[in-house]
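You will see two complexes here that share chain A, one where it goes with chain B and one where it goes with chain C.
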Partner chain A sequence: MNYLEFFSMLPEISLLAVFVLIFIFDLVATGHRRRIFHIMTSLLMLAQIAVCLSCCDGEQTLFGGMYHNNSITSFMKAMLTFGSLLVILQSHKWLRNTHSYYKQGEFFILLLSTLVGMYFMMSARHFLLFFIGMELASLPLACLVAFDKYRHHSAEAGIKYILSSMFASAVMLYGISFLYGTTGTLYFDDMVAKIDGSAMQVFAMVMFTAGLGFKISLVPFHLWTADSYQGAPTVVTAYLSVISKGAAVFTMFIILTKVFAPMTKEWQMMLYIMTVASITIANLFAIKQNNLKRFMAFSSISQAGYIMLAVISGTASGMTSMVYYILVYIVANLAVFGIIETLEHHNENVELTRTHCNGLYKTNPKLSLLMTLALFSLAGIPPFAGFFSKFFIFMSAFDAGFWVLVFIALINTVISLYYYLLIVKAMYIKPNEAPIPEIKCDPYSRISLVLCLIGVVLLGVCSFIYTSIDKLV
Partner chain B sequence: MIVPAEFYLVLATVLFFIGVFGFFTRRNLISLLISTELMLNAVDINFAVFNAYCHPEHLEGFFFTMFGIGIAAAETAVAIAIIINVFRNAKSIHIKNMIELKH
Partner chain C sequence: MLLALWLSRNIKQIRTVMVVGSTMLLALSVYLTVDFIAQRSAGVSAAQLYTDSWCWYPALNINYSIGVDGISVVMILLSSIIVFTGTFASWNIKPQPKEFFLWYMLLSLGVYGFFITTDMFAMFMFYETALIPMYLLIGVWGSGKKEYSAMKLTLMLMGGSAFLLMGILGIYFGSGATTMNIHEIAAMNNIDTNLQYIFFPMTFVGFGVLGALFPFHTWSPDGHASAPTSVSMLHAGVLMKLGGYGCFRIAMYLMPQAANDLAWIFIILTTISVVYGALSAISQTDLKYINAYSSVSHCGLVLFALLMMTQTSCTGAILQMLSHGLMTALFFALIGMIYGRTHTRDIRELQGLMKIMPFLAVGYVIAGLANLGLPGFSGFIAEMTIFVGSFMVDDTFHRVVTIIACTSIVITAVYILRVVGKILYGEPINEEHKRLSDASWDERFTVICLVACIAALGIAPLWVSDLINNGVSDIIANLMP
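Let's look at the complex of A and B:
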């Protein structure tokens, strides 16, 4: 075997190189040299985005078809790396405090190993590689959720996350074992020829989708989400809600359309129920939440339901609109979490509730303006990016014939507008004697918030972004 | 005498659902961990049996079993580390102490 072939998986190799560099720097650097640690990591992540984008033209297949990288996968990898860069920028303030200062390197290393796992998960064309990638993406994430060692909430969220993720992967593996038993292969390409929709294979498909539904937190399997999101450190919650969810949704699309193509009717029916349940139930629960992170958890469950509209269509336009939706979702959600993180740090690390936002506009007009734009984008109000991403997703589901589903989703968009506007109302209208005082952001989070602002405003207006994603599919 | 494949499959199914039952009824974090381990082991038996009885020409199922055992060990290590952390903070690993969130 020619070992130079390994360089065909350039994004993974270069991310591993970044990983090793950070690991060595963490070992050898002492004293004032550590000050450049954060900026060095951010620059390396930028370089990694460039590497991923450079792979966008061309396809690579390795290990007899186990690993396959095409242009849309490379673009998706670049997007997830961009999201992780935003999370790293936002984590600066949190990593500065006394408990976690010496653990800065650990945080970066765990974050990057989950990212490697997601890369492999998205490029996998074999169930073994897929399983290893998925576990590599979820195990270090459990360590990240339990990262604040001296806070009981963090440990509690960590144990809830790891136990439900183990349960989910066991259920999923049980499904895969029956697929293997009935088809005799684990390669996606060979398996699809032997799938005939027998009872055992439908059972396997249901188990598999349930296991992946846990990772995406679709409704019957969403119970861990609110607790883990609330207890985890805010930057980790941000990472959990967009990056790991985006990778899982992308993989689900690939496996459902590639492996389970002969059973399209069956999985569409299953996803139909899960989508309606996720959007509706999460919306109704989100109205009641007062804690901001819990509120964002339910909002992210309902957003996952919206993304499922693209998966259920299973067409090429569904793929385009899904990738576009995830891109918009990354910038909008990370803007909200970036602001929550900033406010928490200036409020003595108290968990934020909606009442803390009262009168925020008086003291922090810029932050509340960005928060408003991001929430409008999440709700899907016209001039912002969120409107266009929702529009394309509805279009792709409508073209596939799911017009009742689109109608239900539209009604739910109106409901979601209510609870997103509750926060906006708290910031602008509700009076408050002692609002959170004026905040001066550190330069890192300022850069990340400005990037999010540009994304929220421009991603919708610049129509060439959607068409260029469409060309990659 | 060769044991028929069905015997092993029934064993694996029973083991899996004992794990599911334990996961929902036990009230101690270590027992929850043991339950998920049972489920993962049931999957490993399934893979080995399918490989040996139905598709003996390749070794894919056995490889999956080996990787599955390795990853289950890694998962247990992480979970136990977090359980120790929970014990340090709450002085107990009973599930009734795991309800502080949402208040």
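Let's look at the complex of A and C:
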């Protein structure tokens, strides 16, 4: 085997290079040199995005078909890297405080190793590689969730996360073992020929989907979500809610349509129920949440349900709209979390509730305007990006014949609008004797928020992004 | 223009930008109208003029295509007038005038966009764009139980748009998923009848919510009562017309088969809204509530006339949209001015305003008379056309409901005259009120503009009906089996 072939996995290799560079820098840099740590990491991430994008034309297959990288996967990798970049930018303030100042390097390294795991997970065409990727993506995340280890909540959230994540992995592994038993192979391409929809394989499929459902936090596998989101440091919550979810959804789409293609009816029915449950139940729970992070947790469960609409259609247009939806979701959700993070820091790290937002517009008009736009985008209000992504997702699901499902989802958007508006109402209308004083953002989070703002406003109106995703699929 | 507003710092600049901007809009739409008439009389007979189209999302056949026919020209003209006068009506809005006008302009952007596009996706987008600013406009600058009303209004209208989106997707995929353009779909006319039976009610109800169709009208009184003056004007004057326009343009035009077969259900509902709205108006004591219920009644009449599906009645419906838009705007403007002085809208506490503020009182009388359909004003022309048109359908069911709907004229007269008599004449009962002033120049300007428009439409309605004839007959031709 020619060793140069390894360079076909350019995104992974270059990300590993970034990883090693940061590792070394963390070891050697002392004192004031650590100050440029953040800038350096951000620039490296930027370079990484460029590398991923450069791989967007062409396909590479390695290791006899275990690893496969095509244009849409590369684009997806670029998107997730972009999301991580935003998270890193937002983390600046938090990493500067006393507890975690010397752990800056650790944070980046853990974050990047989960990202490598997601890369492999998305490119895997073999269950072994897939499983290794997924584990690599979840174990460091547990450390991240427990990063504020002196905070009781954070530690608790870490335990919860790792227990449920291990449980999900075990369940999934059980499913994979059934698949191996009935088909005798772990390669996706070989497996699909031997899938015949026997009871054992259906069981395997259910187990497998349940395992991934944990990652995506679909109802009924969502119980860890709210607690972990609440306890984790806000930047980690942001990462958890968009990046790791995006990767898992993407992989689910690939595996369901590639491996389980002969059992389309079965998994569609299963996903149907899970989607309806996720959207409806999460929406109803979100109304009652007062804690902003818990609230965002439920909102993200219901958003995951909407993404499932694209997965369930299983078509090429479903793929396009899913990737597009994830992109829009990344900017909108990270905008909200970025603001929550900023507010928390200026509020002595108390847990934010909706009442804290009261009267925010008076003191921080820009922040609350961005928050409003991001929430509107999440709710799917034009002319912001969320409207377009929701519309396309509904279109793809409708095209595949899921009329009733689309209708249920549409009714749910009204419910979701209600609770998003509750926050808008708190910011604009509710009076407050002592609102959060005026906040000056640090430059890093300002950059990330501006990027989010541009994304929320322009992603929809400029159609070329959707069109280019469409070409890549 | 939004950009200019964003940049302007103080109240004076904001006012200047608003006045210049809305005057420009008005001038543009007048020019559009004149040019449109000129082209028509020069013999250009294409269904749509000024058409243009940009490819937006090629993979999904979404284009941003625009084009106007007579109906949309009239609607655009109406919107410009209302936006223009609304600017003057909210001259002294407090607090945060800049934000107010920003959201206000976003709202009117949605309205204009809705009327000029011929692409269903873009239309739906603008439709929703017009809904959301309402929440903040009412919630922040409104009065009374504003939070409740704002939430109720937004959620009900979004619920309507959920139905609407189903309808649009149904039309798109039902017609073979090749185009989103309304006229191309209408030309193909190939939606399966069974699909039409499912999606016609959805689309109609979706738009009907905004057009205050009977069981879905409850947002309207609360919303209008709580909204600030210019928003009430724009909302009752133009936004509710979006509903009627959409029903006509999308639901009935694209699904003619179902429209013919299922019209009876909606005719019954609209008849209920016409009579029920008018009856409710009688028992209200809040000026804005009275007017809001009267809007329900009149907008019900629009939908009612559209469903009769004759050339005359549909022309009447468009005329009614226009005249009701102007009248309600005038009403809400006047109520806003009275409320701004007396701080009450309860008719039991107001009396003898004719002596205190004669100008406003005369304006109120004119608005009231126009509303109850006095010849010489626009209301008469519109309602006359509607009822004549409806009576032309010669079977018992249609005649009976027409007669029932006709009773609303009498009921309207009851509530209008009752209010006019109660609050304008007699001796002022509240000593405080005696010291109040009459209208200031910006208010006078608003009122005079609107009254002039109403009278113009009432005295010379022919040019408008000529204008819309072509557009209406196209759609009617499609509706005939």
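Here is the rule we use: the second predicted complex is superposed on the first by the 473 of 473 C-alpha atoms of A that agree within 3 Å, B and C clash if a C-alpha of one lies under 4 Å from a C-alpha of the other, contacts with A are read in each partner's own complex, and residues count from 1 in each chain.
Basically, contacts are C-beta pairs under 8 Å (C-beta built on N, C-alpha and C of every residue); 3 or more make two chains touch, one makes a residue touch a chain.
Please read all numbers here as calculations on a predicted model, not as lab measurements.
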item	value
Touched partner set for A:Met395, first chain B, second chain C, both or neither	second
First (chain B), second (chain C), both or neither touched by A:Pro383	second
Partner chain(s) touched by A:Ala155 [first = chain B, second = chain C, both, neither]	first
Partner chain(s) touched by A:Gln230 [first = chain B, second = chain C, both, neither]	first
Chain A residues touched by each partner, larger count belonging to chain B or chain C	B
Partner chain in contact with A:Leu186 - chain B first, chain C second, else both or neither	first
Chain B versus chain C as contact partner of A:Met76, first or second or both or neither	neither
Chain B versus chain C as contact partner of A:Ser463, first or second or both or neither	second
Residues of chain B touching chain A in the complex	16, 19, 23, 29, 32-33, 36, 39-40, 42-43, 46-47, 50-51, 54-55, 58, 60-61, 63-64, 67-68, 71, 74-75, 78-79, 81-83, 85-86, 89-90, 98, 100-102
Residue ranges of chain A touching chain B (in the complex, touch as defined)	127-128, 131-132, 135, 139, 142-143, 146, 149-153, 155-160, 162-163, 166-167, 169-171, 173-174, 176-178, 180-181, 184-186, 226-227, 230-231, 291, 294
Residue ranges of chain C in contact with chain A within the complex	56-60, 62, 121, 125-126, 128-129, 132, 135-136, 139-140, 146-147, 151, 154-155, 158-159, 162-163, 165-166, 169-170, 172-173, 177
Of chain A, residues touching chain C in the complex	317, 320, 376, 381-383, 387, 391-392, 394-395, 398-399, 403, 406-407, 410-411, 413-414, 417-418, 421, 424-425, 428-429, 463, 466-467, 470
